[in-house]
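Report on the following structure.
We just call them A, B, C and D in the order they show up, numbering each chain from 1.
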Amino acid sequence: MPIRATVWNEFVHERENATVKAIYPEGIHRTIAAALSSDEGIDASTATLDEPEHGLSVERLAKTDVLLWWGHKAHGEVSDSVVDRVQQRVFEGMGLIVLHSGHFSKIFKRVMGAPCSLRWREAGERERLWAINRSHPIAQGVGDFIELTNSEMYGEPFLVPEPMETVFVSWYEGGEVFRSGLTYQRGAGRIFYFGPGHETYPIYHDAQIQQVLRNAVRWAHNPARPWLDVSTAPNVPVDQAPEKIEKRGGSLHAAGEEGFR
Amino acid sequence: MPIRATVWNEFVHERENATVKAIYPEGIHRTIAAALSSDEGIDASTATLDEPEHGLSVERLAKTDVLLWWGHKAHGEVSDSVVDRVQQRVFEGMGLIVLHSGHFSKIFKRVMGAPCSLRWREAGERERLWAINRSHPIAQGVGDFIELTNSEMYGEPFLVPEPMETVFVSWYEGGEVFRSGLTYQRGAGRIFYFGPGHETYPIYHDAQIQQVLRNAVRWAHNPARPWLDVSTAPNVPVDQAPEKIEKRGGSLHAAGEEGFR
Amino acid sequence: MPIRATVWNEFVHERENATVKAIYPEGIHRTIAAALSSDEGIDASTATLDEPEHGLSVERLAKTDVLLWWGHKAHGEVSDSVVDRVQQRVFEGMGLIVLHSGHFSKIFKRVMGAPCSLRWREAGERERLWAINRSHPIAQGVGDFIELTNSEMYGEPFLVPEPMETVFVSWYEGGEVFRSGLTYQRGAGRIFYFGPGHETYPIYHDAQIQQVLRNAVRWAHNPARPWLDVSTAPNVPVDQAPEKIEKRGGSLHAAGEEGFR
Amino acid sequence: MPIRATVWNEFVHERENATVKAIYPEGIHRTIAAALSSDEGIDASTATLDEPEHGLSVERLAKTDVLLWWGHKAHGEVSDSVVDRVQQRVFEGMGLIVLHSGHFSKIFKRVMGAPCSLRWREAGERERLWAINRSHPIAQGVGDFIELTNSEMYGEPFLVPEPMETVFVSWYEGGEVFRSGLTYQRGAGRIFYFGPGHETYPIYHDAQIQQVLRNAVRWAHNPARPWLDVSTAPNVPVDQAPEKIEKRGGSLHAAGEEGFR
């Protein structure tokens, strides 16, 4: 069965800004979805901010193995209840790939638990993403580095937790560096942050960038059954303890009672 | 200058439950603060849920180097705006020590970005906390392990991110295990989660537990000046790039404009 | 193409000790290889200490995707040059699964860079391995925990580097705990340490243990082409720098000269 | 009591190469020791390759809290038995700071368990070390970055294990990046690798570099008593188990017997 990837996009700048529209006439999400679909093992579809429930209903998320997230201008318009839902699905095992300015999206800040801040400059300068571990599944097929003629600078300090793995580190013409490919695990879900993607440059049309996105979808996919009760704290009654014990001492709870949250 | 530690407590069960009241007549916070104050390098004070702003005003937090957090029944009564404030202070460099049932507190879930769930059993069983790295600053003076005659079982899976360091792992009489001492870094702030502390047993009266708390306060203290703008994403104008570059390509932003959030 | 797994065993106690011989009449390696071969995606073979080059010639290692290592009594008899060779293959991308008393094998100490010491007790006591992340590929199919009626106790402190992922933590009847399933990355190679396996108990006949071994082989397999020059430090001549620069300042090396090692 | 730092240097190029001699007439070790000694909390001394036991006798190491290591041309001349001794002291709690070309020293490869390879270019190009976490103790007082007018390029991929903390990442004029400040823990010892230091440029005369070295000595210092038996694997006899158990099943060892190594 192919991996079911959903590409989410706020889809604002492509409709408001002529430069962006010229590069992504149908929206960034469609360009990315097409790039993913060239891998026959991936079944890619899209969702956008202006759809009901931002296109991320309970049913839709239940059928999503990996969610890609692109947002920039409209982070604040994403409903908290949809973010709750996405976060829970990540905990249950859905993969999450956060792209570029998604570093300040609600969902990324939620799962990082950190400021997620950085420095930036929109100067169309050269970026070179060095593969730190060329044998990592996400870096397959891209060689020593990816070079982007025009890119937005995202610079350190990037205030995220120390990652599970550093996959890419970027060099910028203007003198900065950036950890531009980072992996994390939260609950049963795997998370990949990938830096490049400013909308005024044709970055998602780049063949190597598209290769990384396909790799990342395969990497983030957890084939295990969703861990539906991952966020609950079950009581283990005394008579069901793995070792035989007897209750001693004071107590707050009546037998079988739920814990506080 | 001594380290300024603030011990926060929801202070509910000590007033409602006779067992708890008998153990902590003045509240868990006062027992812990007294234990910390036996270290002349620590200046400990307390704050509780029922104080204005839960005792955690902007001014108070600005004067707190390390915050200890004990909550259980009233997590939901803690105001989101106070949690925002505490989180920002952690990012700026305030240490945070989360105790026992604080695993489900708003602030811990915020900075972990993970479910923070676990299994539990209130049976007064024996717990033995093994020091994984006896040379770690937090484990100084406690020997190979700490043994608690009566403890609440907190068992794996504990759904938190892989820690920076595993300091303690607990064994329980009933057959479970728990990673009961874990360190994290978020922004400029250091975080320590410490498992034991169920309120129906006199755990915070234990000399070794008190030693760990004092050690943890010293470890979590970051003497660097607060990183006040840790959560902002400053633009670096083209003419202030470390290397001389010229702007190229399309643009979304006018010169000097703030980024989106 | 199936994953080529080689099960290495010192194969000493099975020939010297009647208890061990009764459990593993053909050697631990054959029991494990048979367990792996029940997965049609794995092609398992064996190698032992007494074969020429311990069965691990250059050619054999080149055809090994994942190496499993069982040793106990004869760590010192393994030739350093074979260990060099195995280590280099791990760096190039071969997976390595180190079993039980292999914690003190030359190859494990080499790739950990740490003491790898622990406490032990041979009392046939009960061990319960808790799955920390039940959604991890290595823990698939084993449920909440694995229970072994008779096991050797391996206890903390286990002096290894903080792992990439903690997959299992063990509880022992005698009161200790042990991080019994840990993952690491070294160069292009993935490493898994798995604690249970004392030779006087029929542990590798256990269905759940066998499931973990199959899972671990699949997890440790890196399908990328071997990174043959992973250990070399190539010079990048000035005229091949990604950005155009001119040489300045003093120099130790003539143009194109090799670096020191 | 001040921290006792020993600066080790192979001390070869300063005697053979006129450029290096002009920059470090008394040797790199003396320049670094003088920089450390400007901190009244540090008592710095030196040791070199040509001294008996390379200046690192058992007694000398026992009186060293933090060892700094600079080597380049003569890694192969360092005796394995001295490396064994240094490694054991790191495991017991001695801090280790490995400088520049020390990435290929025997001791660094030993404690990393990884290839430690990188790319390099001696072109006197500009390097800019960005502080990833400006609140980290090692980065105190250096601001956003350190800029070196002339430096040797050390580029990714740098084949080391994922660090505990990434403290600095370097940008190079020629287009590469490098994780130039990394922390690790091995046994009771803290390790810091710091990239800059090519001997044909006056890098250790730089005030910010000196500040980092002083900070690193303070960070790497473990005040706990040395963990002398950190590398041994003690048997815990059945009658000394924390919980009362009885021996069951088969056995390899007679009571109280030592384990195999």
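The rule we apply is simple: a residue touches a chain if its C-beta (ideal position, glycine included) is under 8 Å from a C-beta of that chain, and two chains touch if they have at least 3 such contacts.
The model shown is predicted, which means the values in this text are computed figures rather than measured ones.
Undergrad: Would you identify the chain whose Cα-based centre sits farthest away from the centre of subunit D?
TA: A
Undergrad: Can you check which chain pair, C-D or B-D, has more C-beta pairs in contact?
TA: Counting C-beta pairs in contact for C-D and B-D gives the edge to C-D.
Undergrad: At what distance in angstrom does the C-alpha mean of subunit D lie from that of subunit A?
TA: 36
Undergrad: Could you put a whole-Å number on the gap between the CA centroids of subunit B and subunit D?
TA: Comparing mean C-alpha positions, subunit D is 31 Å from subunit B.
Undergrad: If you average the Cα atoms of subunit C and of subunit D to get two centres, how far apart are those centres in Å?
TA: Chain centroid spacing, subunit C to subunit D, equals 27 Å.
Undergrad: Counting only residues that touch at least 2 other chains, which ones in subunit C make the list?
TA: 128, 133-134, 155, 162, 164-165, 171, 173, 175-176, 185, 187, 242-243, in rising order.
Undergrad: Is the way these chains touch best called a line, a ring, a star, complete, or other?
TA: Topology of touching chains reads as complete, every chain touching all others.
Undergrad: Spell out the residues on subunit B that touch subunit D in their complex, using ranges where they run on.
TA: 93, 128, 133-135, 137, 140, 145, 147, 164-165, 171, 173, 185, 187-188, 222, 224, 227, 242
Undergrad: What residues on subunit A touch subunit B, complex-wise?
TA: 13, 17, 19-20, 23, 72-73, 75-76, 91, 101, 104, 110-115, 117-125, 150, 153, 155, 159, 161-162, 164, 173-176, 184-187, 199-201, 230-238, 241-243, 245-253, 259-261
Undergrad: Where on subunit D does subunit A make contact in their complex?
TA: Spelled out, the residues of subunit D in touch with subunit A are 128, 130-134, 155-158, 162-166, 169-172, 175-177, 179.
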